[in-house]
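There are two complexes below, and they share chain A, which is joined by chain B in the first and by chain C in the second.
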Partner chain A sequence: MTRRVALQILLLLLVAGLFGAAFMNAKANLEARNIPTSFAFLWQTAGFGLNQSLIPYSPLDSYGRALLSGALNTLIVSLIASALATVFGFAVGFARLSPHWALARLAGLYVESLRNIPLLLHLLFWYIVLLAPLPAPEHSVSLGGIVLNNRGIYFPFPLLGWPAFEPARNAFNVEGGLRLAPEAAAMIAGLTFYTSSYIAEILRAGVQAVARGQSEAALALGLSAAQTRKLVVLPQALRVALPPLVSQYLALTKNSSLAAFIGFADLMQVSGTILNQTGAALQTLAADMALYFGLSVLTLALMRRIERGSDWGGR
Partner chain B sequence: MGVRMGLFVKSQTFGALALAAVLTATVSRADTLDQVLSRGVLVCGVNIGLAGFGLPDDRGFWRGFDVDYCRAVAAAIFDDPQKVRFTPLSGKDRFTALQSGEIDLLSRNTTWTQSREAAQGLLFTGINYYDGQSFMVRKARKLQSPRDLKGASICVQQGTTTELNLADYFHKAGISAETVVFSGGDEALKAYESGRCDAYTTDGSALYAQRLKLAAPDDHEVLAETISKEPFSPVVRQGDDRWFNLVKWTQFALLDAEELGVTAANADALRQSDNPEIRRLLGADNDFGAGLGLSRDWVVRIVKAVGNYGEIFSRNLGDGSPLKIPRGLNAQWRDGGLHYAPPVR
Partner chain C sequence: MTDFLRSDFLPALPPPPSREQSWREKLFGDARAAAITLSLLVGAALLLPSVVRYLFIDAVWRAPDGALCRAPGAGACWAYVAAKAPFFFYGAYPYPWRVNLTFALAGVLIVWLLHPRGRAKGYALAGFFLGLPVAGFVLLYGAPALGLPVVGTNLWGGALVSLIMALAGIAAALPGGVLLALGRRSDLPALRWLCVGIIEFVRGAPLIAVLFMANVLLPLFLPPDWAPDRLLRPLFGIALFASAYMAEVVRGGLAAVPRGQDEAAQALGLSRVKTLRLIVLPQALGAVIPGIVNNFVALFKDTTLVAIVGLFDFLHAIEIARLDPVWAGPQIALTGYIFAAAFYLGFCLAMSAYARRLEKKLAAARR
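Our next item is the complex of A and B:
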C-alpha cells in the first residue's frame, strides 16, 4: 500500500520536474535572445483597433482588454452557432428518420454534402454569399428602424455600453445601433451549417440506439406516435446523444479560431496581432490556451446543469 | 493555424539568426569584392516575386527595380550586367542569407530600421526607394487624404506594423474608422473589392501592384499621402568598407547620372561633353573609379547597362510599367523629391 502511494508520488514529482525543467529552459533561452518572458505586456497599450467588441474598447486600451474582447467575440459567436446548429441538426436528424422517402433523402444529402466540405470553405463561402448581394451603405435598405447594408445589419437597440439609438449615417457608414457585421454573420452561418450536419447524425444515432421494443410497447399502451416520440424515445435517445453532442459544442468553439480568414476579430485573430506586435509568442499562446480551456469548462458546466435539470438526464 | 505557423516561423528565424551570428564571425573578414571577382559572378538576394521590384518574366529573365540594382553593381565590376546570380529570398530568410555569406548583396525592398543595423550586423547602403503605408480607395469617392476616411471601413492584412500605423494615424488625426483585419492579403483585397471596405491599406508600392489584380483597376486609386516611413535600401554585411562604398556609390552614380541628364543612350557620347560635372562623372579627365576598386569608366558601364535612376524607375515602376507609380518622394530633389546624391568629385 505505502509502496504504491510512494510510486505514485514519485511519478507526479517526475512529471512536475519535467515541466519545470522545460519551463526554465524556455525562459533562459528566451531571455538570452532578448524576447520578453513575462505577462507584463498584457497591461501595455494595444494600439490597434477592433471592429467588433462586446465591451467598450479603443486602441488606447491594453493588450489584456483586447484579448478579453476577442475571447468574448469567440464566446458569443460560439453560443449563437451552437444553439442554431442544435435546432437545425435536430430538425435534419428527425427528417432523416422520417418515413417519407424524399424528406429522408434530402436530409441525407444535407448531411453528406455539408460535413464533407472543410469548415474553412464553409466560412469563405458564407462570407462571399452574404456580402455579394448586400447594398453599399449609400443604398442601405431600411425597414422599421432596422438598417441593412454590406457593413452589417443595424438594430435600433440600446444596450449596455452601446452608443445605440437610431442608426444614423456618416459619409461612409451607418453609425450607432446594435450591429451584426457580415464577418460575424458569416461565422455564425458557417459554424451552424457545418456543425448541424454532425449533430443530425448524432441525433439519428441516439434515436436508433433506443430499442425498437420501447416504441412498440408505448404504441401498444395506446400512446400516439407523437407522444411516443416525445415521452419515450427522445429522452432515452438524448441520454445516448449527449456526450457526443457536448463534444460538438466544444469542437465548434475551437473551430471558430479560423475567424481571421474572414476578418472576424475572434480570440485567435486578436492574439495573432498581439503576438506580431509584442513578440511574446509563448505567453500569448499560453493565454489563448487558458481562455479556450476556460470556454470549454464553461460549456461542460452548462451542459451538466442541463443534464441534471432534465427528466432524462443523469442516472 | 496562421498564428501557430507564425510562432514556428519566428522561432526558426531566431534560431537562424543565432546561427548566422556565429557564422558571421568567420565570414565577414573576407573581402567581398575579391570573392566576387574570383567567382566571376555577383550573387544577389532579391524578392521571390513582387511585380516591379523583383519577378522573373515568362522566359525566366529577372525583372524589377531591385533586380536592376544588382545588374548595375555587376556592370560596374564586370562591365556585364548579366554576371549576376539571383537568389530569391523570403522576408524571413533574407538577413540570414546575407549574414551567412550566401549572397554578396541584398536588394529586396527592405526597410531600413535602427534595430536591423544596431542588432543584426547589417549595413544599409542608402535609400533607393521611399515607400510608406498608404491607402487604395475608389476613385468615385474623390478623396484627397486618409483624413477624409472618417467613419469609413478599412480592410487590412494582419502584419507587424500595418494595424499599429493605422490606429496611430487615426488617433493623431482625432477621427475613428472601422478596421477589418484579415490573415491574408488576398482576402483583405477581395473584401475591399466586394465593397465591404472603403479603403485597403498596406505599403504603397504593394498597393500599386495589387491594384492591377482588381477586376477594374482604373476605378481605384492609391492616395499619395503615406502614414508611415518605409525607406527601402540595399543591404550589405558590416565589416567590409570597400564593398559598402562600391554599392553605395553605384547608387549615387545612378542618381547623379539622372540629375546630369546622362542616359543609357547618350552615356558614351557625353564623355565629350564640355560640362565638367559630366566629364568627372564619366571619367573623361580623372579616374574616380580606382578608389572603389573599379575602372575609370565605371559610371559609363553602369548607365549603359541599366540606364540612370529615372530610367530604372520608369521601366519597372513608373510610366513605362503597368504599375504607373508616380515619382512622388522618389523624384530628384530639384523636382520636389527626396533623392539628393553626393557629387562625384
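Our next item is the complex of A and C:
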C-alpha cells in the first residue's frame, strides 16, 4: 500500500519537475527572444487580409478578430463538408451494398482509392487542377445565376440582392451575391470526397451489423424491399453507425486544419500567420486547442446525451 | 404510423436460385439490373477513352524540358516524372546508395516480420526496433569514423523523409501505444490520469497543431543549447500523435482478453510482468492487428503534413518541382499529382491488403 502511494508521489513529482523545468526554460527563452507572454497582442492591428470571412474583416482589424474569423471559417467549412460528405457517403455506401455486382464493385473502387490517398493530395488536386484554370474576373462565366471566376464562386443569396441577383461586373471584380473563395471551394470538395469514402464504410458496417433475420422477417411480413430498408434496416443500422459517424465528423473538423496548405483562412492558417508575425506561440496554439478540443468535448457530451435520452442508445 | 396489415395473399414467389448466377443473370437479370449495367457501360464508354488517351496515347514520354508538355492537346507528362525522379525520392541527398541500402534493410526486416512462415522472429523484432534505427542513423546521417561523410538533414527530402517519418513513427507508436494503454488501465490513479490526459489531449488536436507544438514549443521548453534537429522535432510530434491513436486500438485489444486469462496466469504464479508479456499482450495485440495496420496506413498518409514545418516529404517535393520554370505547366502539375497518388495508393493498398488477409486468417483460427 505504501509502495503504491510512494510510486504515485514519485510520478507526480517527476511530472511537476518536468513542467517546472519547461516553465523556467520557456520563461528564459521568451525573455531572450522578446516574445509577448500575455494575450494583449490580440488587440493589436493584424495587418493581413483574409480570403474569406463570415464577419466583416479588414487588415486594419485586430488579431483577435482575425482569429474569430478563422474559427468561424473552420466551423462553416466543416459543417458544409460534413453535410455533403454524409450525402455522398450514404449514396456510395448503399451502392456498395447493392445486389448489382458491377455497381457494388464500382463503389468499392471509389472507397478504396479515395481513402488511400492523403487528404492533402485531394486538396491540392481540387485547388490547383480544377480551380486555378477559372477565368479572370473580366471573363467571368455565368452558370444559371452562379458566376464563376478566379476570385471565387458567386451564389445568389437572399440577403445580398437575390432574387434580382445580377452581379455588377467590371474589369476587377464581381459585386454582390455570396462569394465562396476558390480556396474554400477546394477545401469543401476535398474534405467531402475524402470523408465520404469513410462514411460509406461506416454505413456499410452498420447495415451489415443488422441481423439478417430482421430484413427476412420484414420481407416475410409483406413489406416491400424499399419499406424494409427504410423502416427496419436503416433505423437499426444508424444506431450502430452513430458513434463512428460522429467521430468521423470530428475528424473532418480537425482535418479542415489542412487549409493552411492551400491558403484558406481557417483558424490554423490565421494562427500560423499570427505566430509568424508576433511569435506568440503559446497563446495562439492555446486558442487553436480551445476550439478543436472544446468542439470534440462538446460533441461527445451531446452524443452521450442523445444516446441516453432517446431509444437510440443501449438496448 | 403506417398500417401493415394485409387483407389478401401475395402470389407465391419463385424459389430462390439454387445455383450460382451466370454473368448474364448477374448483370441483366431484371429490368433494374439491366438499367444500372447500361448506365455504367455508357459512363465507362464516355470516360475511359479520354483517361486512356490522357495517360498513355497523348502522354509525353521523353522530352528535354516542359515545352512539349505545355503544347495544347498534350496528355500526361511522364518525361517530367522521369527527369525529377531523383528529387522526388531522395531530395537533395547526395548518396542514393546509402538511402537504398537503408530501405532495403528495412524491407528485408519487414518481410521477415510479416511473413507467415518466418522463423526466429525475435531477432527480426530486435532488428526492426533497435538495430534499424542505429543502422539507419549511421548510414543516412553518416559516421566519419566509418568513412561515411555526414549529410545534414537539410539535404534530406522526398520519399526518403516520408519513409523515415513513417518507419520511425511505427517503431515509436507501437511501444508508446502499448505503454499508454497499459498506463490507462493501471490501478494507480496518478498514472492513469496522466495517460488519459496525454491520450485525450493529443487525440483532440489536429496533427498540424501537434506538429506546430513540436516545432515551436519544444525548443521553447528546452534549454537554448538543446534545440533538437529540424527533422527530429516533427518526428517527435508524429510519434506522439501516432502513439495516442495506437493506445486506443491497444485498449480495445486489452478489453477483449477475458479476465480469466489474467487470473489464471497469476494463479500459476507468474509475475505481473510475465503475465503481461506472455499471456495478456500477445492475445490483446493479436486481436487488433487489423486496427494496428489501419493506424499505420493513416500514419503513412499523415506524413504528408510534415511539410507544414518546412520538411520536404514526397508530396512536398512534387509541389516544389512543379514550380521549376523549366517544367511549369498545368498538365505537368496534374501528372505530378497522379504520380503521387499512385505512390501513396500503392503503399496503403499493400498494407490494407495484408491486414485483410490476416483478419481472415485470424477469424478462421478463432472458429
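Criterion: the second predicted complex is superposed on the first by the 241 of 315 C-alpha atoms of A that agree within 3 Å, B and C clash if a C-alpha of one lies under 4 Å from a C-alpha of the other, contacts with A are read in each partner's own complex, and residues count from 1 in each chain.
By definition in this document, contacts are C-beta pairs under 8 Å (C-beta built on N, C-alpha and C of every residue); 3 or more make two chains touch, one makes a residue touch a chain.
Note that the coordinates shown come from a computational prediction; the quantities given were computed from them, not determined experimentally.
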TODO: Answer with first, second, both or neither: which of chain B and chain C does A:Q277 touch in the superposed model?
DONE: first
TODO: Examine A:G263 and indicate which partner it touches, taking first as chain B and second as chain C; both and neither are also allowed.
DONE: first
- [ ] Examine A:L84 and indicate which partner it touches, taking first as chain B and second as chain C; both and neither are also allowed.
- [x] neither
Open item on the list: For A:N25 in the superposed arrangement: first (chain B), second (chain C), both or neither?
Closed with: second
TODO: Name the contact category of A:A102: first (chain B only), second (chain C only), both, or neither.
DONE: second
Open item on the list: Quick check for you: in the superposed arrangement, does A:P59 touch first (chain B), second (chain C), both or neither?
Closed with: first
TODO: Return first, second, both or neither, reflecting whether A:L12 touches chain B, chain C, both chains, or no partner chain.
DONE: second
- [ ] Identify which of chain B and chain C touches the larger number of residues of chain A.
- [x] C
Open item on the list: If we overlay the two complexes on their shared chain A, which of chain B and chain C does A:L285 touch? Say first, second, both or neither.
Closed with: both
Open item on the list: If we overlay the two complexes on their shared chain A, which of chain B and chain C does A:I146 touch? Say first, second, both or neither.
Closed with: neither
TODO: For chain A, give the residues common to its interface with chain B and its interface with chain C.
DONE: 128, 132, 258, 260-261, 268, 272, 275, 281, 285, 288
Task: Residues of chain A defined as touching chain B within the complex - done: 33, 35, 47-51, 59-60, 127-128, 131-132, 134, 136, 150-151, 170-173, 175, 182-183, 258, 260-263, 265, 268-269, 271-273, 275-277, 279, 281, 285, 288
Task: Parts of chain B lying in touch with chain A, wherever the complex brings them together - done: 1-4, 6-7, 10-11, 14, 18, 148-153, 155, 158-161, 163-164, 166-168, 170-171, 177-184, 187-188, 191, 194-196, 198
Task: Residues of chain C touching chain A in the complex - done: 2, 4, 6, 10, 26-27, 32-33, 36-37, 40, 187-191, 194, 201, 204-209, 212-213, 216-217, 219-224, 297, 301-302, 304-305, 307-308, 315, 319, 330, 333-334, 337, 340-341, 344-345, 348-349, 352
- [ ] Give every residue of chain A touching chain C within the complex, in rising order.
- [x] 4, 7-9, 11-12, 15, 21-22, 25-26, 28-30, 32, 98-103, 106, 112-113, 116-121, 124-125, 128-129, 132-133, 221-223, 231, 254-255, 257-258, 260-261, 268, 272, 275, 281-282, 285, 288-289, 292-293, 296-297
